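Both complexes shown next keep chain A, but they swap its partner, so chain B is in the first and chain C is in the second.
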Partner chain A sequence: MNTRFKRLLAASLTAATLVGSLAACGTGAGNSKDGANGELTLWTHNAGNPDELGAIQSIVDAYNQSQSKVKIKVQAFPQDSYNDSVVAAASANKLPCIVDIDGPNVPNWAWSKYLAPLNLSVDLSANLPSTLGKWNGQTYSVGYYDVALAMLARASDLKAAGVRIATADNPWTKDEFNGALAALKKLGKWDAPLDLGTAGTGEWLPYAYSPFLQSFGGDLINRSDFQSADGALNGDKAVEWANWFHGLIADGYAAQKSGKDSTADFLNNKSAIVYTGSWAADKARTALGDDLVVMPSVDLGNGPKIGGGSWQWGVTTGCKNPEAAMDYLSFSLKPENIAAVAKATGTIPATDAAAALVPGYEPTGKNRPFLDFSKKSAVLRPETPAYPFIATEFGKAAQDIISGADPKQALDKAVKNIDANIKSNNGYKN
Partner chain B sequence: MATTLESARPRTRVRSSSPSPRRVRGIGGWIVRILLGVVFAFPLLFMFVSSLKPDQQIFGDLSSIAAFLPVGNLSLDNYGAVFDRVPAARFLVNSIGISAVTVVLGVLINSLAAFALSRMKVRGKGVILTLIIATLIVPFETLALPLVWWVNQLPWLDLNGFSLSLTTGWLDTYQVQILPFVANAFSIYLFHQYFESIPKELDEAARVDGASWFKIYRKIVMPLSGPAIATVSILTFLPAWNSYLWPLMVVQSEELRPVMIGVQYFFQLNVSWGEVMAYSSMITLPVVALFIAFQRSFVNSIASSGVKG
Partner chain C sequence: MNSSPAPASLPATDRAVPATSSAQKPRQLKKYHRREQRAGWAMLSPAVILLLLFVFVPAVLAFGLAFTNARLISPNPPVFVGVDNFVRLFADDGFYRALLNVAYFAVVVVPLQAGVALLMALLVNGKVRGVNFFRTIYFLPVVTSMVVVSLLWLFMYRQDGLLNEIITRVTFGAVHGPDWLNNTATAMPAIILMSVWQGAGFHMIIWLSGLQTISADLYEAADIDGVSRWQRFRYITWPGLSATRSLILITITIQALSLFTQVSVMTQGGPLDSTTTIVYQAVRAGFKQQETSYASAISLVFFALVLIVSAVQRYLTREKS
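Let's look at the complex of A and B:
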């Protein structure tokens, strides 16, 4: 072997050994230290959302001023990539003490031992059920607000088509809805009168479309034991939903691929009805004024349904000062704090006490319909650690159905994959 | 005879009323090039123009050529709003720093590796080069999570005032965004191919004169490798500048984030497309400027190394 090459090899081995030795000398590699030195980090998904981030920061500032034992520090991440950041941090044992989390993911994060059960000094029984994240009989997260799906339309368009305005007490039936779409299409003003947000991806797909399935009588999984989707996601009711859903596209009532921003398209008169969430209401009201009507989702047989559960807060298992984290969360749940966040975000306050502090949520308030929809129609996404996988499979099936795949085959495939995943994870039991 | 025939051809062409096939091909070539230019330039043009318009107008103009023209209600409001939503200046500085250091270290380390493989007598260097090139087929996504674990185990010397302390874990630092991407198989290959085209007689003559390997690398090979350096610089700069997944996984502090993470700040429930276009324009300009500055070297090196992109 060449002498110079030998020297190079020896030097490389020495360097590698040195690096290994230095690593071994390190301070407890990989263990989360958050909370150990009196500073607790709080992660939120609100980077780029100054209104909500500002409200959260105000609560944190108020808490930091209210006591001198610990300090909470806010780190904000962009929403679309927030979960990836959390998963990466968890793999490196670098999670902060306090995290916010999308409600349907709570059971998975609890099962993965990212989250510890909450032990708060406030009574959570007054909260909207959809603002609590539960799994295995324990509460792991609590939110300041929920959001609600609705149908936004122009009163003038409905009147021109001879269609009545649906209300929370008297929603459209399936036949009425189909008739309304036919009448609106007949006006000839839009290529497709209904915007279902079919360009949406990720969590939008189960959040938006599984309530239709549930209104037909199907579901994402058998909720008795959360061990199989067979019969719930591919039974007669589910196939009926899938045929109806595809029919909306095939009949030209909804676009196979809507625009990226459904609210903007609706305001630009590219659709007559947009199926969206309460977050779009303020923008639409500003643009359309009194012509805007906010209607509940359609009753497709089992009453109108909408997805429940939005962003919530939890405490991580690795936190070195969980008492302080719980104390902060208890502090943050004061009605005035919940109201401040709801005002900043245009969301539905989690408690009646907070709702009383937010203009628009009085019985005749402009935002009251959303609170009513949430109370009457919200269905939690299945509270199982399998939910992220179920959501992905349902999303793929929904997109396939929109694209014209055989509904039964698409649903069977989703069921097969979901059941296999649950089985391979030993039923997601402890 | 040949001269006579050649000289007769132009006269025939001048007299002819219809254009020659060669001229038609030339015009056709230009039309194709212009069309391709338009296809590639219009998205950029749309981006810059839309960054000056309010949201309503962006959507209103979509159905006409006005979408590509600076007409209507133009202002810099979207650029102002960008700075309210994102610490854009900080992100830009971070990305410039991260990309610049990655490029400088990348050129140095990869050219040294390529020089050793091209010039030094190393047993099995063909196998080594093959193994290096083989790593190109492994997609980064499959390495990302294990790499997170690894960088979290690595030691670092922290400078606190005048004292050095040993820490563990590179997460949430600048170095974690730079060092894993310095060594690059494609850059080594590119340098290696270019070095192979430089006559070995030059460094043999230098060896006779007593030059060391490093002197040959520094004084002979590298000064002759301008196009390769430019190409590697651009090919290292672009992924460093566009890096998204990795910083997303390893950087938690806002003050350390690069520009691409900032794009996600705009995708809230109600998207302001004017702001998206303004931010996109801001982060695209450095890349366009870099390409314009180095385009001749870039094209030369791509052509000479047989790399088709």
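Let's look at the complex of A and C:
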């Protein structure tokens, strides 16, 4: 009798907890307490990046000294667990006032009502378009910097192979690119002359490889209404991209799985051309000096394309003092602040005014090409709440294509899953 | 459970005791029992509460979520959708591929790992000098994190990695190993080899504990009878390990079915789904793709699967008397 009663008690307790937590799952992120007592919390992903964190901290310190009404408090997280922390905080109604956020996730977080539309006192039209996070016609986030994809090579190698150096105005065409790879391969110095970073996982896959697809004329999704990927991701252009992409590996121009650190491999002369981001440029220049050439991505039909959108800042819906949060963001967007962060992170400053303050980004600077690439060829990853899902499906398809899957089949499968996901979320309309 | 036997256990002698104490004694006993029971519950409670809160509740919660459209991030509350997630799951060829991979992994790993572990246990069971040294060596991979082990083997398995280098040297350049993890034929065997290497030490310890429960008298008697080494193993050691055997069988099976870490670190399910597993798909769906409900459905099916397999094993290895 006794134990049976206890068992019943335990079971009903569990059931009660269950119902309680199920109900809790449904509530939104609208009721945080942050900002209520004159102290606003700011969350950032760069606990593992002391340079960037230091730059953010000094902006916050400067803001705290510039006025006496509110105080901003910085809380840093390691990048790997940052998104999980935000999601957990949102379900517990404990989001801080100010968060940083990876550009392509902005629509997802805006749709989920984590983020409130920005209302800043500065003019955002001077910013690089790829540093603004927009969804449904409103701006939800703004970044201090962007990064750009490029091809790094040694001028001496290109000369030896008789290959022209590509420039922003005159990038390589598809045929030129294949010709260059063949000529470099013929030199016999490298197993695979091109390093595409195929060891990368996660967000790198759509970030790095969807621009090739877009240059062919395909895309991750139909951007007219963001309701279906059919035709964009599995049309003729996309299949053409997949065949070309797999060809690079099949022809031995690129490794099926490259090394963990593409930049190091390039500097150790294991590859002739490395396809990587602007973040690698400083290290490469220190090692190679004037022999380093920074070239734009390949024009595969519709001009060279590169991914746009890096880490940005937004204000959460639950913040008790959104005016102060907006005021801080406006303050932080002063050119000298943007310049300080860009300098610390080796990234492309978001505005021309800031670019003038960062060595290397002045109009004749060594890093200026990155800014030009960004302005000229950056394509934002689709601005839809479905993006995180699309990214995983595209990443899987790209990996399968690299491994030799039938292109049409792999892409059809991705399209099927993406369309089903969008449908099951009622088109991600709110 | 013990309130009734206490008074009943005081039969004839009861009369000799004065009336007052006869009424007092059972009450005292009862009180004592109750106090003991309370103490028992108090000591149990931290473990039970933690277990309920962090194992039982999430598990039941997952079963509930499997029938909704809950998402990791969403402005909308979850809605009950019936068996939609299961319909989708059973129509997904990726799921069957994962089942097949896991079955392949388990069928090879269970006998291999148990066998290697038993062999190691027999080797280190002797009373020779330095046996502790070998026990430690064999156990080292177990105390190393699987993530670290996977990363190290990732480098060893590369086209120009240690393993291929050894193959080339040993065969004087006649054989060049494949790119182990990027080949659909070799990726799973490569993961199996590494998993067995990492896990065998743990099961060696369990075998060892089983070996040490076998009475030395039996071996002495066998020595007097002049049995061969094989007979010793076949008729004394092997039957003496029957309980340990079923424990090892079931633990390795469950461990094998929930294959995840190695795959997540080394291959992410590739190339071409040749190493994808059920748990890997659940984690991908739940966290990367934000589909909490679909991930829950996968977990529920996985739970049922493990339950069935363990039950069958338990039935087959039951003590027949």
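Rule of thumb we're sticking to: the second predicted complex is superposed on the first by the 399 of 430 C-alpha atoms of A that agree within 3 Å, B and C clash if a C-alpha of one lies under 4 Å from a C-alpha of the other, contacts with A are read in each partner's own complex, and residues count from 1 in each chain.
One rule holds for everything that comes next: a contact is a pair of C-beta atoms (placed from the backbone, for glycine too) under 8 Å apart; a residue touches a chain by one contact, two chains touch by 3 or more.
Small disclaimer: the values here were computed from a predicted structure and weren't measured.
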{"item": "First, second, both or neither for A:85, with chain B first and chain C second", "value": "first"}
{"item": "Which of chain B and chain C A:388 touches, first, second, both or neither", "value": "second"}
{"item": "Partner chain in contact with A:50 - chain B first, chain C second, else both or neither", "value": "first"}
{"item": "Chain B versus chain C as contact partner of A:424, first or second or both or neither", "value": "second"}
{"item": "Partner chain in contact with A:136 - chain B first, chain C second, else both or neither", "value": "neither"}
{"item": "First, second, both or neither for A:269, with chain B first and chain C second", "value": "neither"}
{"item": "Touching partner for A:257 - first (chain B), second (chain C), both, neither", "value": "second"}
{"item": "First, second, both or neither for A:399, with chain B first and chain C second", "value": "second"}
{"item": "Residues on chain A lying within both footprints (that of chain B and that of chain C)", "value": "2, 22, 25-28, 84"}
{"item": "List of chain B residues in touch with chain A within their complex", "value": "55-56, 59-60, 84-86, 120-123, 145, 148-149, 152-155, 166-169, 171-172, 245, 248-250, 252-254, 261, 264-271, 273"}
{"item": "Contacting residues of chain C [partner chain A, same complex]", "value": "1, 3, 52-53, 56-57, 60-61, 64-65, 69-78, 88, 179, 181-182, 184, 268, 270-273, 284, 287-291"}
{"item": "Residues of chain A that touch chain C when the two form their complex", "value": "2-3, 10, 13-14, 17-18, 21-22, 25-28, 84, 87, 90, 108-109, 111-114, 201-202, 256-257, 388-389, 392, 399-400, 403-405, 420-421, 424-425, 430"}
{"item": "Chain B partner contacts - residues on chain A that touch it in the complex", "value": "1-2, 4-5, 19, 22-23, 25-30, 43, 47-50, 75-81, 84-85, 88-89, 91-94, 96, 260-261, 263-265, 268, 277, 279-280, 283"}
